[in-house]
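What follows is a group of structures, each given as structure tokens.
Each of the two complexes below includes chain A, the first together with chain B, the second together with chain C.
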Partner chain A sequence: MTRSAEAALLVTAGVVAAFGTALVGFTRGVGLDAQVALTFLVFVGAFGSVHLALRRWAPSANPYVFPLAAFLTAIGLTEVYRLDPNLGSIQRWSLLIAGVVASGVIFLLRGDGVVILRRYRYLFLAAGVALLMLPLLPSTWALHGIEANGSRLWVGIDLPGSRSLSFQPGEIAKLCLAIFLASYLADYHLAMGTTRRRIGRLDVPPLRQFGPILLAAGAAFAVLVYQRDLGASLLLFALFVGAIYLATGKLAYIAFGGVLVFVGGLVSYQAFSHVQRRVAAWLDPFADFSDTGYQVAQGLFALGSGSLTGSGIGQGRPDLIPAAATDFIFAAVAEEMGLAGAIAVIAAFALLVAAGFGIALHTRDLFRKFLAACLTLVLAVQALLILAGVLRLFPITGITLPFMSYGGTSLVANMVLLALLARISHGARS
Partner chain B sequence: MNGPIRHLAAVIFAAFAVLVGAVTFLQVIQGPEYRDDPRNIRVVTGRAGKERGTIITADGVPVARSSADPDDPQLFTRTYPEGAGYAHVVGYATLIFGATGIEASQSEALVSDRDATISGVLNAIVGGDIRPKGLRLTIVDDLQQAAIEALGTQTGAVVALDPDTGAVLAMVSSPSFDPATLQGRDAGPAGNTLEADPTEPLRNRAIDQTYPPGSTFKIVTAAAALEAGIAGGGTTFPDPVELDLPGSTATIRNYDEQVCGNGDTVTLTQALVSSCNTVFGDLGMQVGAERLVSMAEAFGFNREIPFDLTALVSAIPDADSFADDVAGVAQSAIGQRDVRATPLQMALVGAAIANEGEIMEPYLVQQIFDSEASIESETVPAVWRRAVSPATAAALTDLMEKAVSSGTGFRAQISGVSIAGKTGTAEVPDEAPDVWFVGFGPVSDDPEAARIVVAVVVEDGGPRGTDGTGGSVAAPIAKAVMEAFLGQ
Partner chain C sequence: MPALFLNLLKLIFLALIYLFLWQVARSIGNHVGAPQASRSGKRVGEMVVVRSDTIAGDRFPIGAPAVMGRSDEADIVIDDPYASDFHVRVGLQDGTVLANDLGSTNGTYVNGRRVTVPTPLIRGDSLQIGKTILEVR
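So, the complex of A and B:
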């Protein structure tokens, strides 16, 4: 029954995406073309394979996570396609790959698969750290880091025939590290939760238990220093602090984490000009409108011009916003689909996060519970960071909006994230 | 272990709620400020950046076209190659100042359906042409240019019509403006300057301004008398220097404050030829308010003119309002008092006489063609109303011919061609007179011959100021337009 509902919702999302492609076609003056059918077929292919995999190997999995993701993907793909049909077309193929990979993950984790993830936690830790370090590889190597927009978070692979493939290893690293954390904390949460003494109203655990969190802060700081990637750095730190809080229930960790963020933020603001620029653009984007504040200001113009119902797809000028298809996809959606579309997107994310935490709450096995919560946390924090950046509640962090921003690695990683969540939810119910 | 999960979830949901609040604030409350920020170039390029259809004249001169930005094929710039000469007819399409003229009234055809509106989508699904449509106007560029040149820097308007169809052949208003100044980055200040200009260059004086018609209104008074059988061309009237008006201390005098004929009696023909106010005041009182007002309404006064642009209604007060005001009837009969007319209305009065008493609906759009230049629709001329009988029209034509051949309208004479016309010099309190000429030609017995009606108004006597008259200032302008018509 639930799987049939899922199928119906997924087809609906496919129709939304196809309709979006059609609207873009009309505004470009090409009318109805094969792109519309292609979009629909890719949606059916990507989410259909996930759906069939769930039917076969996880029939009682939560039926809402993939339809919500499909809706967000449909909105995001429409806007990316509207901004640049070439990017939209690439994003469509990424979606197909993401669907196949997510189905593969569901297949690999059939039976007792999830337990294997727990067993090899140090492998995932090593993989996560290695992936994070990959962009630091010298540019001359076949596998090399790529610097773009002042940050070094891409990795290129040279292929035969002078072609190359690039991806963002940080997106995959976050999954590896979430698996490591869930596994580590499932085993050691009791020790970490032990209280020695109290300082004021805070229960303070033994000092050596702060080791992992200091490690996390160090790793996050390293990412910030060497890759100049504010977003990934904050995301990793939030994952570590959040995970430790989940396992211990000790607010002291969060308080300590907050202090570290504050101190780290102050130090990096003093030390790095790119952090200073972003903070300046956040505090007053109009002070330096034509340079540092331009992107944030254009984002605000887009939001203001969108008003309640938006300009209509293809009727606005989201192309004026730098990085509209990636960091500022939400501003582009808000301009052309209005407050109505913007709130629908935020609501879909909130529902997705609710489904994720619901899975964590209903899972008995501690590792799976922690894993579901950590994955949901990563998804939520990533969405919150970039949305808050676009809405000027926070400096721009330059990470992707899950399922919506242009970017293949992000799409694949987040689809795998949902595959893990769905697989855990099946285990919880059986 | 569920407590921390619940707490974390609560914090995250609170954060999402804050996002909803923030996006609502930025889009709705703070939104208008961002939208209208001068640095937000959406304001300038927004709707004006869409492709609009090409507008050409009857003889194929492009007067409005959209060209794609070389860097962005989605973004179009609207240009008006003929500039100020067509600024009032064609108008402009801007975001800040809205749209006027044909650009506004025909926007449904001119605006691209290449959008995501329901109708645009449906149109594309059924295979309709989603490019904007083009328009061919009835305006003939040669005549338009002749009218622009003849009017020069004088303040006023020229309307030329084909009386057989109602097609507007020229429509000029002066002073004018270059619609290009209302496009692009400096549109705001430029538009504000134009709006504040006391000479009102944005106003289309041909349809959007009424003037006392003065002696050109004697055509209407004469028509009422002829139709009612009160007088004919040969009917004689007393010829005083001054006409006393009953129940009033006001009098009516002729333009030069002299008698009109020999000081004894004068025929209606002579009165029209010499534009005698005394005779027409007298005649107006004989015709009476009832017949005068209903005749004016038969010519289109107090009626909305069916037209591609919105024209002001030309007005004459109700007959009832003249019940105790015989003087008012006399003054109205010579186009003074509260009678007001647009140049288009007076052109229609001339057109009625030229077209055997019938007025055709005036129109500006000849054809609508699609993006492949094949004609999608063509305006079919339609009768608007009958003003007078063919016999009355023929008699008035005769009178108006004489007014040009041997009367006040002599400056409109064209050698070898018979022109009919009537001058007007409308008194305006404390100002130089607004001067008129309404005429048509060539007058011939050949019903198939092409003819043109021209109405000209020049404010404040033109360059002659208080000495300006319809004959000296307006008639030569009408002559220039008619010569261009005859020479084409």
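So, the complex of A and C:
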């Protein structure tokens, strides 16, 4: 019964995407064209295959995670297509690939489920670290790092025939690290939860238990230094600290992590010009409007001009914002769909995160419980960081808004994340 | 009037977005509100003793909460030296089958894990009392 509800919701999300594509067509003056049908078919294809995979191999999985993702993808894809039809059609192909990959993951985990992942803990750690370091490969190799907008987080592969393919390994690394963390904490959460002293109202664990956090901080700092990627760095650190807190319930870890972020933030502000520029643009985007503050300021203009129902898709000027289709997709949505659209997006993210933590709470097995929590944490922190950046509550971090930003790797990685969550929720009680 | 037409479409698009969110919210409401047994699509009916020296194969229907234990005064007598006189209470409460340990000496285990708080049971769960194991069907 719930699966039928899921199917209905997925079709509705496809209709939203098709309607959005049609609106873009109207404002461009081309009217209803084949793109509308194509968008709908891609949605039905991508999410339909996931739906059938769930019906076949995980029938009692949570029926809300994929419809909510489909909804966010529909709004994001509409806005990406409106900003640049070429990017929109590439994103459509990415969605199709993401749907097939997610179905494949559900198929591969059909037997024992995600439990088998627990055994390969250190393989996932190694893979995660290797993926994080991949963009550092020299630019002349066939497999090489690419520097874009001052950050080095892309990897290109030269294919025969002078074609090339590029992807963002950090998006996949976060999944590997979440699996490692869940597996590690399932074995050691009791040891990490023991405390000997109290300082004020805080239970303080022995010093050596802070080791993993220090390690994570070191890795996050390395990402910040070598790839100049503030977003991935913070996401990585928040995942580690958040996961340890979830597993042990000791606030001391959060406090210690907060202190490290503060100190690390101060040091990197002094040491790196790219951090200084981000902070300056955050504190006062209009001080250097034409240069460092331009992106944030244009984002604010977009947010402000949206009003309640927005300018209408295709009738605003979100194209004025640099990186509108990736980092600032939320500002573009808020301008053209207004406060109503922006709140709908935030509500969908909130429901998705609630569903994720709900799955974690209802799962008995510790590894799967922690894995569901870690995956949800990744999704929540990533969405929070970039939304806060666009709303100028935090320096802009330059990571993708899950399911909405233009970017194939991000879409595939987040769909795989949901596939894992859905698989955990199937048979959660055994 | 293309401008009016576009404005109308814009509002219809937003209406569609909220229609979707309303559908999700309503559907989650139904999902959460549905009783456990029908949520999983399988009705819980009875417990079957799958491991015991003396009462293997015995079947006990699950209905109103019943006390299981070694005492003759228990609703369901479990012939097992490791069971307490009044060991565990099992039965339907608000549409959910709950196992509630009554402070037994050797504990109640659901799927191999000791439970000390009321624990919901679904079809396929195992319930261990002393050395006796029952399966929920």
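Criterion: the second predicted complex is superposed on the first by the 427 of 430 C-alpha atoms of A that agree within 3 Å, B and C clash if a C-alpha of one lies under 4 Å from a C-alpha of the other, contacts with A are read in each partner's own complex, and residues count from 1 in each chain.
Here is the rule we use: a residue touches a chain if its C-beta (ideal position, glycine included) is under 8 Å from a C-beta of that chain, and two chains touch if they have at least 3 such contacts.
Note that this is a predicted model, so its numbers are computed, not measured.
Visitor: Of the partners chain B and chain C, which touch A:G249 in the superposed model: first, second, both, neither?
Guide: first
Visitor: Identify the partner contact of A:R28: answer first if only chain B is touched, second if only chain C is, both if each is, neither if none is.
Guide: A:R28 contacts chain B only, not chain C.
Visitor: Contact-wise, after the overlay, does A:I313 reach chain B, chain C, both or neither (first, second, both, neither)?
Guide: After superposition on chain A, A:I313 lies in contact with both partners, chain B and chain C.
Visitor: Regarding the shared-chain residue A:A37, is it in contact with chain B (first), chain C (second), both, or neither?
Guide: Neither chain B nor chain C is touched by A:A37.
Visitor: Classify the contacts of A:L361 with the two partner chains as first (chain B alone), second (chain C alone), both, or neither.
Guide: In the superposition, A:L361 touches chain B alone.
Visitor: Applying the touch criterion given at the start, work out whether A:V259 contacts chain B, chain C, both or neither, answering first, second, both or neither.
Guide: It touches nothing on chain B or chain C.
Visitor: Could you say whether A:A348 touches chain B, chain C, both of them, or neither, answering first, second, both or neither?
Guide: After superposing on A, A:A348 lies in contact with chain C but is clear of chain B.
Visitor: Looking only at contacts as defined up top, I'd like to know whether chain B or chain C touches more of chain A.
Guide: Of chain B and chain C, B contacts more residues of chain A.
Visitor: Output check: A:L9 vs chain B and chain C. Expected answer is one of first, second, both, neither. What do you get?
Guide: A:L9: touches chain C, not chain B.
Visitor: Contact-wise, after the overlay, does A:G338 reach chain B, chain C, both or neither (first, second, both, neither)?
Guide: Both partners, chain B and chain C.
Visitor: Do chain B and chain C touch any of the same residues on chain A, and if so, which?
Guide: In the superposed arrangement, which is not itself an observed complex, chain A uses residues 23, 26-27, 312-313, 315, 338, 347 for both chain B and chain C.
Visitor: In the complex of these two chains, what residues of chain C are touching chain A?
Guide: For this pair, the touching residues of chain C are 5-7, 9-14, 16-21, 23-25, 27-28, 30-31, 40-41, 111, 113, 122, 124-125.
Visitor: Which residues of chain A touch chain B in the complex?
Guide: Residues of chain A touching chain B: 22-23, 26-29, 31-32, 189, 242, 245-249, 289, 297, 300-301, 303-308, 312-317, 320, 334, 338-339, 342-343, 346-347, 349-350, 353-354, 357, 360-361, 366, 369, 373, 377, 380-381, 384, 387-388, 391-393.
Visitor: Quick check on the complex: what are the chain A residues that touch chain C?
Guide: For this pair, the touching residues of chain A are 1-2, 5, 8-9, 12-13, 15-16, 19-20, 23, 26-27, 60, 63-64, 67-68, 71, 75, 309-310, 312-313, 315, 337-338, 340-341, 344, 347-348, 351, 364, 429-430.
Visitor: Mind listing the chain B positions that touch chain A in their complex?
Guide: Residues of chain B touching chain A: 1-6, 8-9, 12-13, 15-16, 18-20, 22-24, 26-28, 30-35, 37, 39-42, 45-46, 74, 112, 114-117, 120-121, 124-125, 130-131.
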